[in-house]
């Protein structure tokens, strides 16, 4: 990897007893889209504000574009930020918003205007310079906020949950637009969000953050298919969680038995011994459904259950069923062929899981239950 | 530490810079002058430039019926004027906040505010032209055959009362409107839906909700009428018997500052007592009520 | 009750009647003043003797002196304006400083100080006047007795009137500016800094434009309150009375229609000011 655009080395921030950011180190490659994904209160906003310079770290170093940022004021850093509520200046026109940063650099009026108009054109807002901010739609404002930052050609663009305030439909649309913008400009994006789908869709790499630390740092595929901790497995994507004890352990898999005596096999992550408390996370699409046992793969143990309800959601349709022995509820993805669309609540059904698409973690090994 | 020493120093320097005007204002124009007033009121002159600490000035107040009668009369009339203003202002505030919408509401509010853009002196001149013996209303009464000759409508307590209510109106309407506007119409609809009549809704829903606005309005109006000078002296004439007039007489006409200071403190005491009582009665904090305006 | 609930016809009629009566009550004195400003008679009283502009424009040649030729009156308007401008300047500056202090800083005793800032509103104006009069005279005595300084501005006069009015108008300016500042979105400042603005630039380009409506509003209120103040002014005034005090004195002596003319003039000025501000407000939208 060449010179990273952002490098954090053992960055710490404490608020009294509470450690908001706990000795965090990572690097973001030039031109990549990096997301920090975590639940609210995990420290991601604190981290972002430290990168922007609004908060001073208690320890560790942050380097941007190879330069150490210790003691550099927020207005002198080569980073710009798209704020959660966008923070467009309501007392200025769209054009003035985009020109704001250029004016602070002492760039002349004509040059400023030219650059701002060019930038607005690039984000698809040609001719909007004279408009007032409140005349724009949510998506247009978003683009103004991005244009306002990108016109300064920052080394790094920080985005603080910028899609949070939009409604669902627009959010989906802006996701795609953001990705295209990033590809077009080639600026390094650091994006924080609590929405796993945003992180998965947009990012080259994602850091999953919890209690001030990264649980896992990897590609979206890594997070989804090879979660490194129970937290990641639970937080990224849907999962059926099964807690129990390990009753058999081999090189690759663990067999988990629940209190009710029902058992399932899952890929082993980290060391585990027979008798350990473990939990398995099984993806909804890791299951095969059948009306008869011989419709299931022969090498997977079959389970019996009863249909609880059918959750129709187009391509994301799923089935809620209750396993006969443990009385547990499972969420199973329905095949897109529409094969089981006629199932009725109360109907008996058989199903099996692919152990390689379920992951088993030892409880307590990572400090959580 | 999170904040470098230089940044902290800059911060405290800024804090000091912002604090200075506030302290100068409150210290030099409010606090110390009142300390001086207190000192003036608690002493007695026993010779040229010779004073002793004494309650003499306050004793005089209680021993001279003329003084304390005026005081009680001022307080009583102010209370009546405040209550009357509340009763008259409430329906208008209701109409502006709840019945009319958009432009109509804005126009009505503007109409209520216009007279108060003009000084009290001017408005009082209007009432004098209306009410004095040679004025408009007495002439109208004669024309209508109600009285045989023009009657003097000035220099009566009722006239003072009308003037006080008029002068205070806006200061009641504005806090009432802001407290009524924040009342969710759905609450009224819900109460109505549950079988409450108009009067019950008023008593159980509207008044409890508007209590902060009512208190704020009453406090301000009572204070303003208590401290009023123009309306009582011009509409009430020479013997209006308003306490502020006594203070003026002692300070400016008789140059008896000690007595004037004592009167000032008595008025301030009454006004403060009413403010405190009003807040206690409705369980509110001073900052909330005043800051609301 | 509210429009969404059934309102009987009599209630609607009563409401309309009440609103009409109320507006009549509010505007009757103003209408009467305006009418008699144009009455061709030496006293502002009925009956109507015909229309004249004498009370505005007559020079002494007709035996009448219109307001624009009444030197004393014109001087007092000038005095009022002069006082008003000083009070406005002081109140808005101190109000801005106070608003920044209370809304943007934390320090010990902040609660107490913010309550103290409201106190001038609940002190009757007459008492503000006499207390400042007494205190100023104490300082003047001290200065002349011990320092042999004769501080003339501490005697009743314009300086004391300005200080007396400022002592409570500052509270109103503070409240107006605080209300606006408290709704300010602090991330706008973060955003400006993030875009490279220095602290001064943030103040100049973001905070001041944001506060502008409140600054204009509080300046206007301050000027109007100062212009209309009587109670505090009466106690502190020297030989050079502002308009309200002069009008009061003349009303005591028996009013002439010149006072009506001045009143009409003031109403027109206020209305023009209000109109100008409203047009401004409409042009700039809600910002």
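Order as written gives the chain letters A, B and C; numbering starts at 1 within each chain.
Keep this in mind: contacts are C-beta pairs under 8 Å (C-beta built on N, C-alpha and C of every residue); 3 or more make two chains touch, one makes a residue touch a chain.
Only a predicted model underlies this, so the values are computations on that prediction, with no experimental measurement involved.
Trainee: Across the interfaces A-C and B-C, which one involves more C-beta pairs in contact?
Mentor: Looking at contacts between chains, B-C has the larger number.
Trainee: Taking each chain's centre as the mean of its C-alpha atoms, give the chain farthest from chain C.
Mentor: Chain A.
Trainee: Compute the distance, rounded to whole Å, between the mean C-alpha positions of chain A and chain B.
Mentor: Taking the average C-alpha coordinate of chain A and of chain B, the gap between them is 60 Å.
Trainee: Can you give the whole-Å distance between the Cα centres of chain A and chain C?
Mentor: From the centre of chain A to the centre of chain C is 57 Å.
Trainee: Rounded to a whole Å, what is the gap between the Cα centroids of chain B and chain C?
Mentor: That pair's centroid distance is 16 Å.
Trainee: Using the touch definition from the top, list the residues of chain C that touch chain B in their complex.
Mentor: Chain C reaches chain B through residues 1-5, 15, 18-19, 22-23, 25-30, 32-33, 36, 43-47, 93-94, 97-98, 100-101, 105, 107, 111, 113-128, 130-135, 138, 163-164, 166-167, 170, 175, 178, 224, 227-228, 230-231, 234-235, 243-244, 247-248, 251-252, 255, 259-260, 263, 266-267, 270-271, 274.
Trainee: Which stretch or stretches of chain C touch chain A in the complex?
Mentor: 185, 187-188, 190-198, 201, 205-206, 209-210, 212, 285-287
Trainee: Any idea which chain B residues touch chain C in the complex?
Mentor: Against chain C, chain B makes touches at 14-15, 18-19, 21-22, 25-26, 29-30, 32-34, 36-37, 40, 88, 91-92, 95, 98-99, 101, 108, 111-112, 114-115, 117-130, 132, 134-136, 139, 166, 169, 185, 188-189, 192, 198, 201, 219-220, 223, 226-230, 234, 244, 247-248, 251-252, 257, 260-261, 264, 267-268, 271-272, 275, 286-287, 290-291, 293.
Trainee: Give every residue of chain A touching chain C within the complex, in rising order.
Mentor: For this pair, the touching residues of chain A are 52, 54, 73-76, 79-81, 83-85, 87-92, 100-101, 104-105, 132, 134, 148-149, 152.
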